[in-house]
Amino acid sequence: MKRKLFASAMTGILAVSALTGCASGEVTPNEGNKTPVAIEIPDMTEPTSIEMWHFMSGKQQEVLQSIIDEFNATNNMNITVSAVAQGKIPDLNKKVIAAEQSNTLPAIINVYPDLATGLIEKGAIYDISSFASHPEVGMEAELKSDFVEAFIAEVSQWDGKLYGMPMTKSTEVIYVNKTLLEKIGYTEADVQGMTMDKLAEISKAAKEQLGIPGFGYDSGSNGFISTLKMDGKNFVDLDGTINVDNEWVRTFMDFYKEQVTNGYFRTPGEDGFLSGPFSNQQMLMYQGSTAGASFIDTNGQFELIAVEPAYFEGKDKAVIQQGGSLFVTTDVTPQEQFAAYEFIKFATNTENTAKFATETGYLPVRKSAAETDIVKNILADPEAVYAKVYPVAQTALGYAYYTPAVNNAQSARSTIQEKFEAYVNGNITDIEAFIQESLAEVGTSIQRQ
Amino acid sequence: MLNNKGKKSYKGYLYLLPALLVLSVFVFYPIINAIVFSFDETKAVGYVFGFGSYKYLFEDKRFLQSLVNTVIYAAVVPALSVGLSLMIANTLANLKNEKLKGVFQSIYFLPYVTSLVAIGVVWSWLFNGQYGIINYLLGFIGIDPINWLSDPNWAMPALIIFSVWKSLAFNTLILTTGIASINPQYYQAAKIDQATNSTIFRKITIPLVSPIILYTYIISLIAGFKVYTEVFVLFNGRTLDGRVSTVVMYIIDRFYGDQDFPLAFAAAVVLLLIILTVTFVQRTIARNKVHY
Amino acid sequence: MEKKMNIKVALKYFLLTLFAIVTLFPFYWMMASSLKTAFEVIQTPPTLVPNEFMWENYGIALTMAPFARYFINTVIVTALSIVSSVIVAILAAFAFSHLEFKGRDFIFSLFLASMMIPGEVLIITNFKTISALRWMDTYQALVVPYMANVLYIYMLREFFLKIPKQLYFAAKVDGANDWKFLWKIMVPMAKGSIITICILVGINSWNSFLWPLLVTNKEEMRLLSNGLTAFQSDAGNRYELLMAASTIITIPVMVAYIFLHKKIMNGITVGGVKG
């Protein structure tokens, strides 16, 4: 607590001494929030060391490290960044929750926005808009014109502040086994921009001719939430309203259930990820994360293509964009916060985001990454899986939505994931029971305050 | 006399001091903390006393379902595991071939050695509904494939099989040690009386290792009520819509998933009370039957 | 009669062997999977024996995290844990089994009760304590909180209670004090169970995962189990590497167990002197 008070006092003083005036007019008093509107850049003559906690592993970690090494070697402000892998996402979350409790968060954390919401409410996340809008070190123009809008919208959804910067981002595409698709008499053109009815029709053909399911959502919760969004509804609104009790839910849940019952669609179930059955040619297509492409192994047996997610006739297209962003915390000094901002700026510049994305399977967070040689080269490689995914993902990002960062949205998501699977597989038989149970259980996470 | 007792008292505490110190800081203090904050009505900063979390808990269907699952698990797994371990340990004790005995003992202990993460993945493959080896073997005796990990009715049996497999190792080791420490004179006397193996088992082995049996049972029972990792690794985080959800899983979801500390603490306190009651009853019943 | 005995013995061996196979099979599967290609490991129907043995999986797995450093740490933490836990357990078990003092049974019940709360809810408070003590990234943070384990205190108490009280009184008559009696007579007699506890403590600290992750921020302070997450991500798992790393981690413990196993049994035979 002491540390926080100190940080609060420091930023307070800085805010008062800042020359630029208040930009946003009225500032609502927000307890625990020490975000100044404009800020003086801290004195960076002393060496500054900061830590970044993340959930990356393997190749991802390697690429991150190479970016960090370059930053440490080239920055002229004596900043040293060190990255600490904190296990998988749930492990990292536990660590962050524990560290927040004892005010020992590092300068940067790479977490999902829904975890960040809880931290923001507790005043643990620093609003970097003061740096981002600064005339000297800012990047306002790029934020507006170059960064992918959906990514920035997600991290600035809290009263218009900028609480993070996108890093490990992905969206979803449908992966198709082109070889099998042609075997059952369809072509690539049939699956481009297809409707749900078309998807169901092709899946039926796959079941009838090949005896395998045609389609499945790798993440049932994303499938559910995206389908809701096609009707313009959020699964959970920012104010905590849960939108599962409506006619559209009844309609599409029965649609999915019928497909699964007939064996046209399937759920991952015990397989965990559909990349397994898909690689084994035991399903024709599946909708999954762009970051999961490297887990598909065609084993030289079939040709893989990626297409945009299907949509319901008469509804909007909708696909989720998701992933972790980089957040700066309030448990560190203003120098460290500024150092963190500088590093984030570096890590998300055009070259680095292109490099990071192409080597990890995540998506570049800037549109200008498409102009870099790294991206151009990989797109020219007909063998690269990334080359098949990237253009489709770029189109999909045009209409991608983000889920409102409601506190505990992750629990709400795993609840709806289980409910979705249970209903389409016939373990919950009554749609009203599905709706009531979902409301109650999601409510435990969202509405109990 | 009084003096002597006072001195003794002081001495006992001296021996207990290291344990007391560590437990006070790292166990008792956090438990008290948990109890205090389970009555906190506010999730934010500050403290407002109330029973809201407990009330919510007993109206929460998912919690009640988790509680039922946990009770079923705790009723089945410890009994099954200790019973089987006792039979194995006794059979091993009667083996004449010392070398083979050692080999078997080492093999049976293996499940305790490995971390659950990898072995849980392996078991989920073995249980696979379509390609699992277990269904393949069942096919030989004419049993149709079972969707162990997807069919809500078979999920609990699958969990129980995996858990018993995993927990046998510890119990067998402890019981083997217990049986081996029985004075051989008892057995020699029994042999002279021409007692059969099963009589020896019932009349000598069981009574003499009864404290150890009770120990393994109580420990298994407590572990059974706290089951979590087994479920998590076998079902890869799924609960089949609550069919294999357990109390600790509920606690962890509330704690780390929702950061709803009061509700998580309240659930932990309820679990603590249940285990306390059950073990107290067990120990009271057993007290008359256990020989020291 | 003779024939009946033979059938019985044969049946006994048959069941023990069958059970050994059931126990071993998952481990066989783990090792077989560790030698498969990324595709073969998820291939359906699965292969019982790898098509070709990918020994390089082990090399790849080992480069994905600083396993050598993890190994050293794990050995240090395991050794410290064994020594400290066993001493604490011996002292406490002796107090509970042979000394009489006010509140003994109450404290024992309190100890037992402390096992009944899931450790997960204690972790954050303990994290705060470690943080307040400034113990982050230290060995004591990894060892001290788990030094007093009621599981082992209780176990040792049961074994101590089995040692005849007459011995204690006889020693007292001979002028030995409690301290001397404990270390000169009790401990050697309970050698088997003490080694058992060493093994159990050792394995638990060898496999501990969440706590080391929470109280360390430096790679140099992490343990082997933390390395296993290097093969798991939110988008998929590299099962063959996970299996390879798990196999490597299991082997030292297994070797140590086989080595110590004999000692347990010898320790016990020495212990069973008198009833």
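Chains here go by letter, A, B and C, matching the order in which they are written, and residues are numbered from 1 within each.
The rule we apply is simple: contacts are C-beta pairs under 8 Å (C-beta built on N, C-alpha and C of every residue); 3 or more make two chains touch, one makes a residue touch a chain.
This is a predicted model, so every value here is computed, not measured.
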Everything but subunit A, grouped by touching, gives one piece
Across the interfaces A-B and A-C, which one involves more C-beta pairs in contact? A-C
Approximately how many whole Å separate the CA-defined centres of subunit B and subunit C? 15
For subunit A and subunit C, let me know how many angstrom lie between their CA-based centres, rounded off. 39
Residues touching two or more other chains, restricted to subunit A: which are they? 94, 97, 272
Touching two or more other chains - residue numbers and ranges from subunit B: none
Residues touching two or more other chains, restricted to subunit C: which are they? 44, 124, 237
Sort out for me which residues of subunit A touch subunit C in the complex. 51, 53, 55-58, 60-61, 84-89, 91, 94-95, 97-99, 101-102, 104, 106, 170, 272-273, 275-277, 279-280, 282, 289, 291-292, 294-295, 297, 299, 361
In their complex, what parts of subunit A are in touch with subunit B? 90, 93-94, 97, 118, 121, 269-270, 272, 407-408, 410-411, 414, 418-419, 421-422, 425, 427-428, 437, 440-441, 444-445, 448-449
Please output the residues of subunit B touching subunit C within their complex, sorted ascending. 5, 8-13, 15-23, 25-31, 33-34, 88, 91-92, 94-95, 102, 104-119, 121-123, 125-126, 130-131, 133, 165, 168, 170, 173-174, 177, 180-186, 211-212, 215, 218-219, 222, 225-226, 228, 247-248, 251-252, 255, 264-265, 268, 271-272, 275-276, 279, 292
Over in the complex, which subunit C residues touch subunit B? Could you list them? 12, 15-16, 19-20, 22-27, 29-30, 33, 44-46, 87-89, 91-92, 94-96, 99-102, 104, 107, 110-122, 124-126, 129, 144-148, 150-151, 153-155, 158-159, 161-162, 178, 192-193, 196, 200, 203, 207, 209, 225, 228, 237, 239, 242-243, 245-247, 249-250, 253-254, 257-258, 261-262, 264-265, 268-269, 271-275
Residues of subunit C that touch subunit A when the two form their complex: 38-39, 42-44, 64, 123-124, 127-128, 131-132, 136, 210, 213-214, 217-219, 226, 229-238
